[in-house]
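Each chain gets a letter, A, B, C and D, in the order it is written, and its residues are counted from 1.
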Amino acid sequence: MKVLLTGFDPFGGESVNPAFEAIKLLPSTIAGAEIVYVEIPTEFKKSAPAVEAAIKEHNPDIVINVGQAGGRSCVTVEKVGINLADARIPDNAGDQPLDEPLQADGPTGYFATIPVNAMVQNVRAHGLPCHVSFTAGTYVCNCVMYNVLHMCATKYTNIRAGFIHVPYACDQVVDKANGMASMPLETIAKSLEYCVEAVVNNTEDVKETMGTTH
Amino acid sequence: MKVLLTGFDPFGGESVNPAFEAIKLLPSTIAGAEIVYVEIPTEFKKSAPAVEAAIKEHNPDIVINVGQAGGRSCVTVEKVGINLADARIPDNAGDQPLDEPLQADGPTGYFATIPVNAMVQNVRAHGLPCHVSFTAGTYVCNCVMYNVLHMCATKYTNIRAGFIHVPYACDQVVDKANGMASMPLETIAKSLEYCVEAVVNNTEDVKETMGTTH
Amino acid sequence: MKVLLTGFDPFGGESVNPAFEAIKLLPSTIAGAEIVYVEIPTEFKKSAPAVEAAIKEHNPDIVINVGQAGGRSCVTVEKVGINLADARIPDNAGDQPLDEPLQADGPTGYFATIPVNAMVQNVRAHGLPCHVSFTAGTYVCNCVMYNVLHMCATKYTNIRAGFIHVPYACDQVVDKANGMASMPLETIAKSLEYCVEAVVNNTEDVKETMGTTH
Amino acid sequence: MKVLLTGFDPFGGESVNPAFEAIKLLPSTIAGAEIVYVEIPTEFKKSAPAVEAAIKEHNPDIVINVGQAGGRSCVTVEKVGINLADARIPDNAGDQPLDEPLQADGPTGYFATIPVNAMVQNVRAHGLPCHVSFTAGTYVCNCVMYNVLHMCATKYTNIRAGFIHVPYACDQVVDKANGMASMPLETIAKSLEYCVEAVVNNTEDVKETMGTTH
C-alpha cells in the first residue's frame, strides 16, 4: 500500500508551512505502507493539478492533503470539502476568488473517503488531542480537499482521500499575540503518523461520535 | 411575500431557547413581507416534519430556521448543511444518531438558497457584528437545515431557505464560566430582523468575501 | 452621596471609547446618589491628575474609573491595581514606559475599596454576565486604578475607589476578526448602573466566591 | 548556586499535575546551578509550610514554584502574587476560603524577585511561546506565590523567588472539549529549563515590554 501526502508552501506572511515541515519528519513506512510526499503551491489554480501530477507519478492507494490552520490548538481531520472558493486574502499567485464554485458542475460537497473517526480515535489513543472538523474553510485548503475528492470520485476511483489541518508550529507564534495556540513540529508529525496508521488499518470508519452541536 | 421563521424548543439543559425567544420579538412585517413563525422540537426525527407542516399551513416564499449556537459571540448565517447526523448529546426525544446520513440517497450538502453574504452585510451595516459560518454542526440544527433545503430542492422548489445561528442570551450565561459569550435578546432580534430584510430585498447574493482560510 | 465616574478618550486606533460613551448614557442619579462624570486622557502622565482635578471640583464620595478592555465579553470589575507601567503600545501622548513603577515609593498593589463582589452579584441578578478580574493590565487603565487608589489611601481617605473594564461596543467589532466579543452600548451602560447601585448600597463587600484557579 | 523547584500534587479531578511531571524531566544542573525539587500539596494551609521545610532542608538561592493553569496554551511566568484567597473549588484538604487575606498584616501584593522578562525572552529565543501573566488567580497557586515571596521578604532575604504556570499536558485534554489547549510534557519541561537558565544568568531583569493593555 502506498500513501501520498502533500503539504503546502508557506502563505499569509509565514516563512514556513508546518504542514510540509511535519510531513518531512514522517518515517518512510507507516503500518507497512510506503509514504511518499510532495510540496504543492498555495494557489487555487495550481494546487489540485500538482496533486494530480503526483498521483500519476506515484500511483498511490491513499491521498492525504495536509494544510495549516493557524489558531487551532491540535491536529484536526476534515470531514467535508465544499464547492466554494472565497478568499479573504490573495493566494500565492495573487488570485482571490470571491464566492465562486470550484467545479461548475460539481456537487455541493464531498465527504472524506478516509476514516476520519478512526483517525481521531487513534491519535487520542496515543495521548494527543485531536478532533474532527466540519469545515476546511473556503481558501486553498478546502479547494484542494474538494478538488482531490472530485478527482477521486470521477477519475481515480480506487484512491481514498481526505484532508488534515495542523496548528501553527511553536516557533511561528513566538511573535504573535500572547496565547496563540501552537504545537511542536514533532508532535504534529506524531499526530499525522497516527492518522495515517488509522487510514492504513481501517477500510471502514468506526462508529464513535465526533460531532458538534454547532 | 411571506417569511416563515422557526425556532427550536430548549435543549442541552437550558430552560429557554434564545432562537425562539428572539423570533417572538420580531415585528409582524419586515421590508413589506409578512412574518410568521412556529416553534419546532429539538429532535432529529420530528423537526423537519414540523417545518413541512408549517410550510403547508402558511405557504411561505422564504423559510429561515433559527437555532442556538451556545458559545458563539454574534449571529451567524450558515452557508451549508451536510448529510450527516452525529449527536454528541441525545436530542429531546432521547435519540442520538452516530455518524449517519440524514437522507440515504441525498447529496453530501446543500448551500443555503438565501443570500448569506447580503444578510451579513446588512447586519453589519447597522453596527452589529455578524459573519457567515461554514458549519452548522452535526446536531439537530444541521439536520433541519439540510432536510429543509432537501425538501425545497425536491418538493417546494419556489421556496428559498437557510439557517441562522444565534448566541446564548445574556441571562443564560450568568451562571456559566466567566467570559462565556452572549448577546441581549433584543440585539439578537435586531440582527435577525436585518437578516430577514436582506433576504426579502435580495434575490441574488452580493459578491463580498465572507470566507475563512480554515 | 456623590459618585464620580471617569471614562477615557479613544486609544489604540479606535474612534470612540465605549467606556465614556456608556457613562454618558447613565441616569443623573442611581440609588439616590448623584452621578457626575468626566472624560480623561489615555495618557500615563495626565490621567490620574485629571481624576484628581475632578475630585477637587466635585468632592465625590466614590470614584469609579471605567476603561475599555477590547476582547472581553462582558463588564468586569477589577480587584487590584499594581505598581507597574509597561506599555505594549504608546499612550495618546506618545509615552511608552517599560517595566517601570508608577509610584517610586508606592506599595506593590492596592485592592479596590469598592465592593467588587457585590457589584458583580448585582449585575448578574439583573440577568447580565459580569465577573471580577484580577488584572487590569499594565497600561493606562491600571495606571489610573493604582494611582487613584494611592491618592485615596494617602490624601482623600474618605473616598472609596475602583475600576471597571467594559467590552468593545458592537459597532467597534464589525470590521474586526469574526467572533470578536462585544456588547451593545446600552447593555454596557445597564451593567455600569447596576455596579454603581451596588457600590452605593454596600459599604461592606459580600462573601461570595468570585475567584479563579489561575 | 542552587535552585529549588516545587510542583503541586494533582487537583480539580486530574490524575496528574503537569507541573510536577515536567519538573521531574529537568536535568540535575542548569547553567551550572544545581536543581532540587519537591512535590507540595494543593492545600491553602500546608503548601507554603511545605516550601519552607524544603528551603530549610536545601538552603537554595532561588525558589520557583510551578503550578498548572489548565486552559492556557503555553508556559507563563507570573509577575505578581496578591494577598487574597478566594477558592472557586475546595482545595485537596477540603478548605475553601472566600475572599480572605493570606496574611492578615501582609501587603496587598509582591512582585516576583526573579527576572520574569528575561525568562520569557529566553524561552522565546528557543522558539517556544511564553508570556508574562499578571494574575496567578486566587487559588493555591497564588497562595504559594504570595506566601513564599512574603517569607523571602521577611525571613529568607537572600532568596529570589517566583511562580511559573504551565498548561495541561496533552494527555490531560484528550477527553476534554475539542480545542482545549495543551502542551507536550517535554515541551513544558524545555520551557521550564529555559526559564531557570535565565534566572541563573540574570540578577537584574531586562527592559522589554511584556505588558498588556488590560
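Note that contacts are C-beta pairs under 8 Å (C-beta built on N, C-alpha and C of every residue); 3 or more make two chains touch, one makes a residue touch a chain.
The model shown is predicted, which means the values in this text are computed figures rather than measured ones.
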item	value
Co-neighbours of chain D and chain A - touch as defined	none
Of C-D and B-C, pair with higher C-beta contact tally	C-D
Inter-chain centre distance, chain A versus chain C - centres from mean C-alpha coordinates, in Å	46
Approximate Å spacing (C-alpha centroids) for the pair chain C, chain D	29
Centre-to-centre distance between chain C and chain B (centres being mean Cα positions), rounded to whole Å	38
Residue numbers of chain C (touch at least two other chains)	72, 212
Residue ranges of chain D touching chain C (in the complex, touch as defined)	12, 67-72, 79-80, 82, 84-89, 96, 98-99, 107-111, 117, 133-139, 141, 165, 205, 207-214
Residue ranges of chain B touching chain C (in the complex, touch as defined)	72-74, 124, 127-129, 131, 170-171, 173-174, 176, 178-182, 184, 187, 212
